[in-house]
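Across the two complexes that follow, chain A remains constant while its partner is chain B and subsequently chain C.
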Partner chain A sequence: MRSRSPATLLAISLLVAVFGIFVLYPLGATVAESLHAGGELSLDHYRFLFDMSNRVNLEAVGNSVYVSVVSVVFSGVIGLFLAFVFTQCRFPLRPLLARLAVLPVALPPLVGVIAFLFVFGETGIIPRGLQLLFGTAGPVLPAGGIAGVILVHVYSFHVYFYLFVSAALGTLEGSQLEAATGLGSGPWRTFVRVVLPELRPGLLAASALTFMSSMASFTAPLLFAGGKHFITLQIYASKLNGDMDLAAAQSVLLTAVSLAFYLFLTLGPARPSGYARKGPASAGLITPGKLPGRVMVVAAFTLLAVELLPVIAILALSLAREGSWTTQWVPSAYTLGNYTAFFADASLLVPVVNSLEMALLALAASLAFGVTAAFLVSRTRNRVFSTWANLALTLPYAVPGTVVAVAFILAFNRPVLPGLPALLVGTFWILPLAYFVREYPVVIRSVAASLEGMDGSLLEAASGLGAGPLRRFRSVALPALLPGILSGGVLVLIGSLGEFVSSILLYTYDSRPVSVEILAQLRLFNIGAAAAYSVVLMLIILLLLRLSGGLLASDRRMSYIL
Partner chain B sequence: MKPLLVLAVGLACAGCSKSGVTPIVVYSPHGKELLVSFAREYEQAHPECAVQWLDMGSQDVYDRVRTEKENPQADIWWGGPMTAFARAEREGLLERYVPSWDSVSVPAYRSPGRFWYGTFLTPEVIMYNSNRITPAQAPKDWDDLLDPAWRGKIVIRSPLASGTMRIIFSSIILREMQRGGSPGSGFEWLRKLDANTKTYAADPTQLYIAIAREEGLVTLWDLPDVMLQVETHHYPFAYVLPASGTPLITDGIALVRGAKHPEEAKRFYEFVTSRPGMTRQAREFFRIPARRDIPPSDLPPWMQKLEIRALPVNFDTLADHEKEWMKTWDEKVRGRGAASGAE
Partner chain C sequence: MSALSLKGLSKNFGPFAAVRPTDLEIASGEFFAILGPSGCGKTTLLRMIAGYEHPDSGKVFLGNTDITSLRPQERGIGMVFQNYALFPHMTVFENVAFGLRARKASAKLFPKLSPKLSNDAIRSQVLAALESVRLSEKSRSSVPALSGGEQQRVAVARALVIRPRLLLFDEPLSNLDIALRLQTREEIRTLQRSTGITTVYVTHDQGEAMSLADRIAVMRAGRVEQSGDPGMLYNSPASTFVAEFLGGATLIDCDLNGPQRLVSWGGISLAIPAGFPSPEPGPAVLAIKPEGLSLAEGEEGGVMQATVRSREYTGFTTTFTLLAGGRVLKALVVSTPETGSVVPGTSVSLRVDWRHCSLYAARR
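What follows is the complex of A and B.
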C-alpha cells in the first residue's frame, strides 16, 4: 500500500474518533446495558424477551414485522402503479402531478400521522363526511388500530417505490420494448420478461427501506395502536417504567431485525445501474386513449387526491377557530389568529429557530464527516474493504430513532472520558448530535453515488501533476461531488427539521424543536397552533427542495441516495 | 454554500437567550392553564426571572428527571402523585427543602424526610359524555364499568405515562387483593375493564377529543382536570365520584437535586404553595389544597360541599409494587381482555 500523507492520516484518525465516540460507543453501551440486570452481568432480559410463557415482546416484534411486511406490499403496489402511470402515460399537467406524487416525503413523520388522523381517523373528515352523505349511524370506514398504522405507513412510504421505480423506468430504453413487441411479445409478457427484471433492484431496495422505516415507526403506533403492542412502543414503555436495561435489550432486538434487512439490501441485490444507458428513455408503454389507460389515469388521480388530503386538512386546521370542531365533519369557524400570533409574539418562533439551528449544525457535521468518509473509502483499491467500510460507516441508517435516543442516553448521561467537556444529556448539543448520527449516512450514500460516476484517472493525473491531497480534493473531487453533496445535504436538513422520535426523548427546554412543540401544542389542546407549526415546517421543507433545484423532480438522484 | 453560512450565523445569534434574565425551569403535569397563569403572575412580581415550563405526564416528569440526573435541567417538579415523588426521593433525585408553611402541612401529605410536600388532594373520578349519557345512566362505581353494556364505549388514557392512571389501576389491584387475596384478582378485574375498553389514548388531549367527539363515552380521570376542561373548553363532560370510594392522590412539589437555579426555585416553590396561591388554585383551577390553614370559607362552594369517600389505599405498598404491576398490566392485560373473556 502507498504511504499516506499526514493530511490523510489526520482525516482518518478524526473519522475513526468521531465514529467511535458517537456511533460505536453508544451502541456498545446499549448492548452492555442489556446484558446487565440489577447491576450484575446477566442474560435475564434476553430470557425475558424470548420467554414463551409471556410472549409480549415476541408479539410486539411480530406485530411490528407483520405491519412492516403488509406496508411493503401495499406501498409497493401503489408506488409501482403511480410510477407506471406517471412515466408511461401522457396526459396534461403530468410533470406537475408527478412532483406532487412525492409530497408525502416533505411531510415530517409526526405531522403526517396527525394529519392522517384528522382526515381518516374515527372522527376524521372522510369518515364523518361519508356518514353525513349516507346518513349512517356512525362514521364510515374509520382508520384505526393495526389497519390505521398500515395506512399511515403506506401513505408515507409508497413514495420510496414511486421514486425507485420511476428512476428505473426512466432508464428503460424504448428500443428494448420495441424489440420485444417486434418479436411478437404481448404487453403482459413484455412487462414480466423485460420491464420487471429492470425494476428488480429498485423494488428490493425500496422494500428494504420501507421495511426498516416501518419497523422503526413510533408515532403511528403511539397514536393509532390502542391496545396492540409494538416493539418501539415497548422500548418507550420500559424506559418510562424505569427499566432502562430492559429498554436496552428491546432496542438490541429491534436493531438486530432492522440490521438484517439492511444487510440484505446492501449486500444482496445489485443497485440499479441506469446511468450508463445511451438510448432514448421509453415513455408510452400505455396510451391513455384506450380504455384501460384511461381507467389507470383516473385511478392515479384519485390516489393523488387522497395523498393531498392530509396536507389540505393541516392547512384547514391551522385556520380553524379553537373549539369549533367537535362533532361536525369540518370545522365551523375560521381565523388567521394562529399565524398572526407568530408576528405578535416572537417567542412562538423559538422552536422553529431551534430546529433550523440544530438542522444546520447536523448538516455541517454530516457534510464534513460524510464527504470525507465517502471520499477516503472510495480511494482504497481493496473492493472488499471498501464495501465493508461503507457498510460499517452507514450502520446508523439501520438503527431506529428510538434506539439512537436510548443509546445516547445510556452513553452520554455521564462524562464520556475524563477531561472531555462533560456529559451531553440535558444539554443543547445532544440533539444536533443525534440528528447528525441519524442523518450522515445519507451524505455518504449520495456522495458515494457521485464518486462512482467520477473518473479516477483524473485524480491520478492531478497527483502526477504535483497536486497535494487537499488540492486534489478541492480542485478535482469536489466539483464532481457537488451534486451528491447538495442532494445529500438537503435530505439531512429535511430529516433533521422534522425529526421527532429521538427528539422527544432527548430535548431540553432550550432546544425544543418544532416537532416536539407540535406535540406539546396538541397535548395542550391547541390543535390550530399545532397545525400552524406543521404548515410552517412543511413550507420550510418545500422551500429547501425548491432551492436545491427541484430535487423532487430528479427522482433518479433520490433513488440512488435513499 | 455561502447563503447557508450567513443563515447559520444569523440563526446562532437569534438563538442566543436573553441575557440578564434568570430562568426557572418547571416540569409539571398540571396543564397549560394553571402553568401560564402562575408563570405570568410570578414574572410580574419578579421581572428578573423567566418561568420556563414543560407540560408532560407525571411519569414522563419522573423519567426525565431520572434521565437528566447527572445534568439536571429542571429546577422544580410541580405536580404528580406522591408515589412518583417517593420513588424519586429513594433514587436521590430530589433536594430536601422545608417550606415556610411546614407547620401547617399534614404529616400524611409530605415526605418523612421533607424531600417533597403535598400541594393538592386529587380525587379520581369516572368521567362521561353528558350529551349522550344522563346522570341516571352513568356508571356509579368502579365495578359498574365492567358491565358488558359499556363494551367498546370506554377510552382510557394510556396508563404507563400517566400518574393518575397508574394510581387508579394500582389502587384497584390493592382493593381486589384485600377482597380476593392476590394481585391476580386485581389483574382479572383490569382484564374485564380492558375488554370493555375501545382504545388507549396517547395523551390527555387525545382522551378529551375522543370523549368530546363521542368516539368513546366513558373514562377514568381526575376531578380537577374534568372540571377545568368543562370550564375552559365547554366540553360536555360530567363526573361521578365512585360510590365505594376513590383513591385520593396527594399531588406533590419538590426541588430537583443539583438544580441550576436553586434559590429562584425555592422562591417559586414558596410562591405557588403560599396561602393566596393555593386559594387561587382552588378557586380557578379546582385544586383541593393540602395545607391545613386555608379556611373553608375561602374555598369555592362546590369544594366545601364535596364529600369524598377515600378508598383506603396503603400508598407505601402501592409505591413498592406500582412499577412491577404496571409492567405486568402492559404485558398481560393491555389488549387481552376481550380474548380472555372469549375463552
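What follows is the complex of A and C.
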C-alpha cells in the first residue's frame, strides 16, 4: 500500500472525528445508559420493557409491528397499482399526473399528517360532509386509532413502492415484452415470468423501507392514535417523564429492529439501478381502450384524487378565518388574514426563519461530510471494505428521529470532552446538528449513486496528467458528481425544513422550527395559522424541487437514494 | 541507455498471477507494442508503467530514474485510455489544457520542480496540440458532441501536450469502426514519428501491432513469450502460440522422423527441406500459415492431397478451408478464375511453402 497524501489523511481524520462525536458517541451513550440502573450495570430497564404484569411497552411494540406489517401490504398494493397504470398506460397529462403521484414523499411528515387529519380525521371535512349528506348522528367513517395510523402510513409510504416499481419497469425493455409475446406468451404469463422477476428486488427494498419508516413513525401515532400505545410514543412519554434510562432502553429496542431492516435493505437484493437499458422502455402492458384498462385508469385517478385532497384542503384551510371551523363541515368564513399577519407581525416569521437557518447549516455540514465521505470510500479498491464503510457511515439512516433526539440528549447534556465547556442541549446548535446527523446519509447515498455511474478512468487520466488529489476532486470528480450532490442537497433541505420528530424533543423556544410552531398553533385550535405555516413550508419545498430540476421526476434516481 | 526498463515486474490479483516477473528494455524514440489476447496481463503491465497499479515485485526505470514508488501525477507519462476518459463536463480545449493547468498550479507550490507557464503559453500549446490532431476548429466543442474518432484524437492531444517522457496507449482503436481504425492507426504512427516520443502500445490486434511497432512483445498468461521486430516474430515465431496468434498458423500434431527428415500425420508425409530448423525427433507440432499453402495445378502437382470443405472469397484473396490427413487446414491464395471454380467437395493437391512453416517439439 502506498502512502496517502496529506490532504487525504486530513480528510479521513476529520471524517472519523465528526462521525465519532456526532454518531457513534450519542448512540454509544444511549446503549450505555440503557444498561445502567442506579449507577450499576443492569438489565433492569429491559426487564421492565418485557414485564408481563405491565403490558404497556409490549403492547406498544405489538401495535408498532402490526401497523408496520399492514402498512407494507397496503402500501405495496396501491404503489404497485399506481406504478403500473402510470408507466404502462397512455393517457392525456400522464407526465404531470405521474409527478403528482410522488407528492406525498415531498410533504414534511407533520404537514402530511395534519392535512390528512383535516380531511379524513374525526372532525375532518369528508366524515362531516357525509354526516350532513346522510343525516347521521356522528361523522361517517372517520379515520382514527390504529386504522387511522395505517391510513396515514399508506398515504405517505405507498410512494416508495411507486418509485421502486416505476424504476424497475423503466429498466424493462419494450423488446423484452415483445420477445415474450412473440414466443407465444400471454399477458398473464408475461407478467409473472418476465415482469415480476424484474420487480422483485424493488418490491423487497420498498417493503423494508416502508417497514422501517412505519416502525419509526412518530407523527401519525401522535395525532391519530387516540390512546393506543406505540413504541415511538412510549419513548416520547418516557422523556417527558424525565425517565431517560427507560427512554434509552426503548430507543435501543426500536433501533435494533430498524437496523435489522436496514441491513437487509442495503446488503439484500440489488436495486434496479445499474442495468443500462438500450432499447425503448416498455409501455403498453395495459391497453386503456379495453374495459379492464379503463377501469384501472379510473381507479388510479380516484386514488390520485384522494392523494391530492389533503393538499388542496390545507390550501383552502389556510384561508379560513380562525374560529369559523368548529362544527361546520367546511369553514364558514374565509380571509387572507392568516397570510397578511406574516407581514404585519414579523415575529410570526421567526419559526420560518429559524427553520431556514438551521436547514442551511445542516445542508452545509451534510454536503461537506457526505460528499467527502462518499468520495473517499469509493476510492478504496477493497469491495468488502467499501460496502461496510458505506453501511457504517449511513447508519443514522436507520436510526429513528426519536432515537436521535434521545441519544443527543443523553450525549450532549454534559461536555463532550472533559474541559470543553459546550453543553449542546438547550442551545441553538443542537437542532442543526440533529438535522445533520439525520440527513447526511442521503447525501452519501445520492453521491455514491453518481460515483457508481462515473468512469473511474477519468480520475486516473487526471492523475496521469499531473493533477494531485485536491485538483482531481475539484475539477474532475466534483463536476461529475454534481447531479448527485444537487439531489442529495435538496433532499437534506426538504428533510430539515420540515423536520419534526427530533425537533419536538430537542427544540428551545427561541429556535423553534416551523413544524413545532404548526403543532403549537394546532393545539391552540388556530387551524388557519397552522395551515398557513404548512402552506409556506410546502411552497418553499416546491421551489426547491423546481430549482433542482425535477428531482422527483426521476424515479430511478429517487429509488436509488431512498 | 533504455528510455524505459522493467526489471522483474510482477503483479498478482489475489491468487491470480496477472503479470509474472517480466523484464523489458525499450529504447528511446521506439514504438513498442505489447500484443496478446484478453486476460494475458498486457493492460496490467501498462498500468504498472503508468503508476495506476503498484507492482508486487520489480522496478520501473524511466531513463536512469527509478519511478516505481512515484504516484501517477509525478511520473510525467502520457496515457490514452481505451475509452478515452475525456472529462465530459469540459470543452475540448479544457480537456487538452487540463494537464498544463495542473502543472501550472503545482509550479506555484514547487517553483523548482515545474516550469512556469503563462496562460498564453498554455493556450498556444493546446492549440498546437489540437492542430497536430486536426481538431483546431473543435476546440470549443463539448466532448459528448464529438464523434468517436474525434474523441480519440482529443485523448491523443491531451496526452501529447504535456510533452510526456513516455506515451502509453491502451487499446486506443478498439472502439472505432474498421475504416476509421486504419486511418487513425496511420495518424498515430505519423505523430509518433514526428514527435519522437517513446511509445508503448497495448493491443490484441496483431495487424495493428505489426503495422505500428518497431518492436513487439507477445504476451500470454502473464508472460512475454517472445519479443522482437515484427518481421522476426512473423518469420521465426519462437512458440506455437506466437505462430498461431501472430501468423494465424494452423497447428498440426505430427511425428517427426529424424533420419529421413519427414513429418507425418494421418497418412500424409512431408519432406523437410535441408537446413530447416527442427527439434529432436519424436512427437512434434507443425505450424503452417495460411499463406504457406497453395493449390497446385492438376491433381498431382503438389505434395499432399486435400478435400475442400468451404471457400471464403474476399475479393483479392480467397481462403480455403481444407481437410488433409484428418486435420483442418487453411490456405490463403490470390483469387484467380481457377480458384473460383474450386467448389466444396473438390479434391485438390497442395503445395507447401516452408518459409511459412515452423516446427516445434510437442508439449508434454
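Keep in mind that, in the parts below, the second predicted complex is superposed on the first by the 555 of 562 C-alpha atoms of A that agree within 3 Å, B and C clash if a C-alpha of one lies under 4 Å from a C-alpha of the other, contacts with A are read in each partner's own complex, and residues count from 1 in each chain.
We adopt the following convention: a contact is a pair of C-beta atoms (placed from the backbone, for glycine too) under 8 Å apart; a residue touches a chain by one contact, two chains touch by 3 or more.
Fair warning: this is a prediction, and the values are worked out from it, not measured in the lab.
Asker: Fit or clash for chain B plus chain C once both are placed on chain A?
Answerer: fit
Asker: Between chain B and chain C, which makes contact with more of the residues in chain A?
Answerer: For chain A, the partner with the higher number of touched residues is B.
Asker: With both complexes overlaid on chain A, does A:Val425 touch chain B (first), chain C (second), both or neither?
Answerer: It touches chain B, and chain C stays clear.
Asker: Contacts for A:Leu544 in the overlay, against chain B (first) and chain C (second): which applies, first, second, both or neither?
Answerer: Neither chain B nor chain C is touched by A:Leu544.
Asker: Taking CA centres, what is the chain B/chain A/chain C angle in steps of 10 degrees?
Answerer: 160
Asker: Between chain B (first) and chain C (second), which, if any, makes contact with A:Ala115: first, second, both or neither?
Answerer: In the superposition, A:Ala115 touches no partner, neither chain B nor chain C.
Asker: Does chain B (first) or chain C (second) touch A:Ala106, or do both, or does neither?
Answerer: A:Ala106: touches no partner chain.
Asker: Have a look at where A:Ala480 lands relative to chain B and chain C in the superposition and call it first, second, both or neither.
Answerer: Touch partner of A:Ala480: chain C, not chain B.
Asker: For A:Met215, decide between first (touching chain B), second (touching chain C), both and neither.
Answerer: Neither chain B nor chain C is touched by A:Met215.
Asker: When the two structures are overlaid on chain A, which partner does A:Val56 contact: first (chain B), second (chain C), both, or neither?
Answerer: After superposition on chain A, A:Val56 lies in contact with chain B alone.
Asker: Rounded to the nearest Å, state the minimum C-alpha distance from chain B to chain C in the superposed three-chain model.
Answerer: Minimum C-alpha separation, chain B to chain C: 17 Å.
Asker: Overlap the chain B and chain C contact sets on chain A and report the shared residues.
Answerer: none
Asker: Where on chain A does chain B make contact in their complex?
Answerer: Residue list for chain A touching chain B: 54, 56, 122-123, 144-145, 222-223, 226-229, 237-243, 323, 326-327, 353-354, 356-357, 360, 363-364, 409, 413-414, 422-423, 425-427, 508-510, 512, 519-520, 522-525.
Asker: With touch defined as at the start, can you tell me which chain C residues reach chain A in the complex?
Answerer: Counting only chain C, the residues touching chain A are 50-52, 54, 69, 71-73, 75-79, 81-83, 85-90, 98-99, 102-103, 105-106, 158-159, 162.
Asker: Which chain B residues qualify as touching chain A in the complex?
Answerer: Those residues of chain B that touch chain A are 4, 7-8, 11-12, 14-15, 17, 23, 25, 31-32, 52, 54-56, 59-60, 62-63, 66-73, 87, 160-161, 194, 197-200, 202-206, 208-209, 212-215, 233-235, 323, 326-327, 330-332, 334-336.
Asker: What does chain A use to touch chain C in their complex?
Answerer: The touching residues are 1-2, 455, 457-458, 460-468, 471, 475-476, 479-480, 482.
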